[in-house]
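Two complexes come next, and they have one chain in common, chain A, joined by chain B in the first and chain C in the second.
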Partner chain A sequence: MTRPLLYTSYKQDTALLDTRAKRLSVLVLLVAAAFVPLQVADDLLQLLAVGMVASIGAIGLNIVSGYAGQISLGHAFFLAIGAYTGAALSGDPDGKVLGFGVDFLPVWVLASGLVAAVAGVIVAPLATRLRGLYLAVVTLGLVFLGAHILKEWDALSGGPGVGRPAAVPALFGIRLDEPGTFTKEQKMFWLMLVLLVVFAVLARNLVRSRVGRAFVAVRDRDLAASAIGIDVGRTKLLAFAVSSFYAGVAGSLLYTVAGYMDPESFGLAMSIQYIAMVQIGGIATISGSIMGAMALTLLPRLTRELPAVLPFISTDTQEFPNVYQVDTALYGVLIIAFLIFEPRGMYGLWNRQRAYWKAWPFSY
Partner chain B sequence: MTVLEVRDVHLSFAGVKAIDGVSFDVAEGELFAVIGPNGAGKTSIFNVISGVYRPQRGSVVFQGEDLTDLKPHRRAERGIARTFQNVELFSGLTVLDNLMLGRHQHTRYGPLAAMAWLGRARSAEVRARAAVEEIIDFLELQQWRRQLVGLLPYGVQKRVELGRALAMEPRLLLLDEPVAGMNLEETEDMARFILDIRQELGVAMILVEHDMGLVMDLADRILAVDFGVRLALDVPERIRDHPEVVKAYLGETS
Partner chain C sequence: MRVISFAQPGFMLAGAVIVTYLSAEVGFWAAAVLSVLAVSLLALGVERVAIRPMVGRPVFAIAIITLGLDVVIRVVANGFIGLDVRQVGDPWKLDTVSVLGVEVQQRYLAMFAAALLMVAALFLFFRYTRFGLAMRAASFDQEAALAQGVSVSGVFAVSWAMAGGLAAVAGIMFGAGTSIDQNIWIIALKALPAIILGGLDSLAGAVAGGLAIGLFESLVSSYQSDHLPWLGENFATVSPYVLMLAVLLLRPYGLFGTREVERV
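On to the complex of A and B.
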């Protein structure tokens, strides 16, 4: 390798992995991730797989709220649309709930994304009329609308407290949710890893393109955006469509690992959870969305380890303080702490470390 | 050749008349200036031309096409670019991205092509980048290329905003107080850029400005307005001594 390293074309300068260090670290990370299922226990694998699905959902929310600046409390609604579209399409035709038996994974994943995207397009015109808190309140209404439909439509959802089987993942006749050469958790981990990498790269490409720049322009100054030829209404529509597509995809996969889902899971708490992921991970960053989603999914697992270190914390729900209380409190503390100390989230923390070590041992 | 024709425009907000029957036209390659005291309706005229406000009466004709019913982004597509009195840059983006946004309508590819980032999208991005780099050279913005615009000095921000408008390859450039709040050196730089744009690109420009020295030196013709009414439209030499204009600026001598 010859030095100095110079870019000699704009193509090199705009590359996603524009330095050797980035290329190497991404490669190492991917290879390491691919070998995780051979080393890690199944229960943790399941959690990691769920975290990767949540990452796809968080990327979706970050596109509409982080990049395009349209605050949405309705993410759980789009996740629910994806979840039930996937489950209904792939479900057992002879089962107690609605099912069409199309269990080929790419088909129902894409269909779930598309149905959710259509819902997003229908909702989007609200965003051209309302902004900020008003939009947040209206999208909040979507969650209650969705909850009501799921409660009443027993044939689809199985009803509250009963639930229904989640989408059935099969690829070329091989069921991924049944143990074979590898366990169910190992297969699910690999599946989600591949899907996360694909959807993350697609999203990263989108946000660095003309479309992504238009999102940010609409977020920062919509007056100036229209003065340079950006159709503000259409851009918001597109942001909602892409975001809901991601939510639909994530929703359809979210409970495939557990295998069962209850309509009551898709409530306001889920919307808030995704907002927390985006905020803790880093607003308007794709890698931040992944970090935030992984952190919040793994948080309960980490607090379960606490009693071993701090014996006064109990695992019994009857006692005080117990791990579940610590869990809830920590969740809130994290959100507040990041808002105050590092509004750019975990991505910001990482960026600061990188800048520090780049210049080390000098401070500038 | 006439680029822009503003015909008898009336604009009022809840009974307050902002523009009261103003007409003028701008020729190709002309540097046209609009002057007037604060609140005279200069920025309102800009907003009517760029489509932010819709006049109650009158029309705006651009290159033979009536624009009165078009939204701002449609007018931008037809070649009307503008800068704002208070800098309206996308402060969370770098200088480079702000200028790339100016290329928005010249970079045509859809969201799916963007996600794939293969042939079409990538080559369109590279072409846009090359065009943007020319503007960076033209406006001498090299050293700030990768900085967030929100952190730049005010004079530089004004220049970036001008660059963003130029990146649109406009036929008509609306400059709303390009040197407001600038020191002498920055003002001279901006005047030089305006003259360069005129010489090298031949774009018609409408300039709203309070700096009379700058307006008198640069403009081909000047429109003077007060209380939304046209006072005079003439070459700088005659506007300087026009009794109505002097009265509007200095008050009546009794």
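On to the complex of A and C.
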């Protein structure tokens, strides 16, 4: 005899999926996702795969900004570190740019994450000394420094406007980015799905554990947190390390689907994009990060349809307003609108719907 | 209100763009005044629509909203710039004048004068007017200011309008003599290291920080290619951030910022 929402132990309260409805819906969602590649066209699959990688990155930003409350405008910097570590490790040793030929996927994904995490640990002492907006501007500085390094280090990045091939995904000698029994997009989709599930579950486990509660305590009131015995400095350091690890992993995978990357893409615009994902999806929720990342990755695809509906929007980059400008402006508008009307993001919208129907027909 | 507005580069760009359109019609000076007024109004509107509902929410949320605002304003302003470069149409061009035997471009003198005028005006405003006092009070403690009859919402509105107007002046002055293209917002972003370097809550700090950043950048751009070539070309453009990082490691609240003391 179990009653919904009656928790009799901490174990129930902190369970990964605390209701049967959640267990069922997650199962259905996963099974459905696994069969998506057999039904959906390749170009959409590619977009969805990129969306899942972006989700991993957004989860990372959500851990440091949403859970631990350290606003970071420097996420693009850590994504870049991951992207170039992965690309250099797996790259062609005889190519024009730096490469070591280690193309076994788990190796370079983990290495990218670790290198980015080390960078996060180096940056974190700043975070322990600085509060709030000072930190935001300092991390903004990181993005510019990173962009400068990438621009100058031609041997690694190929130089601005030229770029280099992204990391080469291979598992046990099978290249995932070349068509075989399944197309490239199908294989990449499954790969990203597996990785996203792994990293999402890991993140969910982290934030419901002692460490995750320490993050939240530091975010809500760091003085109070230190009074109950949380080492604030160490917690911030850990948050930065974990977040950068996720950013590194996401960065290394981000361009594997497209196969090519330009150093200029890792700019402030990318950091803002990830902040938008977290803000729009839902601050301090893992499922929200995934929703936000998916929504913002699919957004350009939707705006491409706009000129058919609103004829004054042009598809030509020379004209104003064109779809690319609409895209960028929409990020801004969505951030503002969500912050004003639903600060909890898409997760909040969903939560409100769920509460409404749960109490139906007695909902107010 | 203890918030950094990331929308400042957007306002600066908007001010400069408006002048490029108006100066051909009504002359530079009238265009400059109109542009400052227009951007102030824009900032006022932005405050009313996007910032006012956020009163009482964490400063992070407000900072992120200004980030969103910046993106929107910049897209629109860049749309008006287009791909070509636009002229501000200022009276100085690249003419020089001799000051104590040194040839100086007139536009630099104009920039210097404008900066001096603005700082002096702001200083007098904050120091000697009732409203300046009200603004300082509201920034110090909103509730206490409210209790003394200060209209805190009025203070916010006026401070946003002032910030917009000042950003427009900066944008116009930056465009003087040269031209404006889509990249000037990167220059505008350097205002952030400047105020952080000086300390967030200090007007004198902002001036000192701005001068320090400007001087450091010029020095780096002149000497770095000879002495430290391994740092790469155009290292000067990122040097403000390096200086900021270095200073913040030693002084976490900037050069002149007040140390926050937490009361439990």
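Following the convention adopted for this analysis, the second predicted complex is superposed on the first by the 336 of 364 C-alpha atoms of A that agree within 3 Å, B and C clash if a C-alpha of one lies under 4 Å from a C-alpha of the other, contacts with A are read in each partner's own complex, and residues count from 1 in each chain.
Simple rule for what comes next: a residue touches a chain if its C-beta (ideal position, glycine included) is under 8 Å from a C-beta of that chain, and two chains touch if they have at least 3 such contacts.
Model, not experiment: these values are computed from the prediction.
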Problem set entry | Partners on chain A (chain B, chain C) - clash or fit | fit
Exercise. Which partner does A:Glu152 contact after superposing on A: first (chain B), second (chain C), both, neither?
Worked result: second
For this session: Would you sort A:Ser112 into first (chain B), second (chain C), both or neither based on which partner it touches?
Result: neither
Seminar exercise, completed: Once both structures are overlaid, the C-alpha centre of chain A sees chain B and chain C separated by an angle, to the nearest 10 degrees, of 80
Exercise. Can A:Ile71 be said to touch chain B (first), chain C (second), both, or neither?
Worked result: second
Problem set entry | First (chain B), second (chain C), both or neither touched by A:Val216 | first
For this session: Examine A:Ile340 and indicate which partner it touches, taking first as chain B and second as chain C; both and neither are also allowed.
Result: second
Exercise. Thinking of the overlay built on chain A, is A:Leu130 touched by chain B (first), by chain C (second), by both, or by neither?
Worked result: second
Exercise. Looking at the overlay, what does A:Gly141 touch: chain B (first), chain C (second), both, or neither?
Worked result: second
For this session: Spot which of chain B and chain C makes contact with more residues of chain A, would you?
Result: C
Exercise. Once both structures are aligned on chain A, how many angstrom separate the closest C-alpha atoms of chain B and chain C?
Worked result: 7
Exercise. Common interface residues of chain A with chain B and chain C?
Worked result: 223, 227
Exercise. Touching chain A in the complex: which residues of chain C?
Worked result: 2-4, 50, 53-54, 57, 59-61, 63-65, 67-72, 75-76, 78-80, 82-83, 189, 192-193, 196, 200, 231-235, 237-238, 241-242, 244-245, 248-249, 252-254, 260, 262, 264
Exercise. Which positions of chain A touch chain B when the two form their complex?
Worked result: 9-11, 13-14, 16, 202-203, 205-206, 209-214, 216-217, 219-221, 223-232, 238, 242, 284
Problem set entry | chain A-facing residues of chain B, complex | 50-52, 71-73, 76-77, 81-82, 84, 88-93, 97, 100-105, 107, 109-111, 114-117, 121-122, 124-126, 128-130, 133, 164-165, 168
For this session: Over in the complex, which chain A residues touch chain C? Could you list them?
Result: 69, 71, 126, 129-134, 136-138, 140-142, 144-145, 147-149, 151-152, 223, 227, 268, 272, 275-276, 279, 318, 320-321, 325, 328-329, 331-336, 339-340, 343
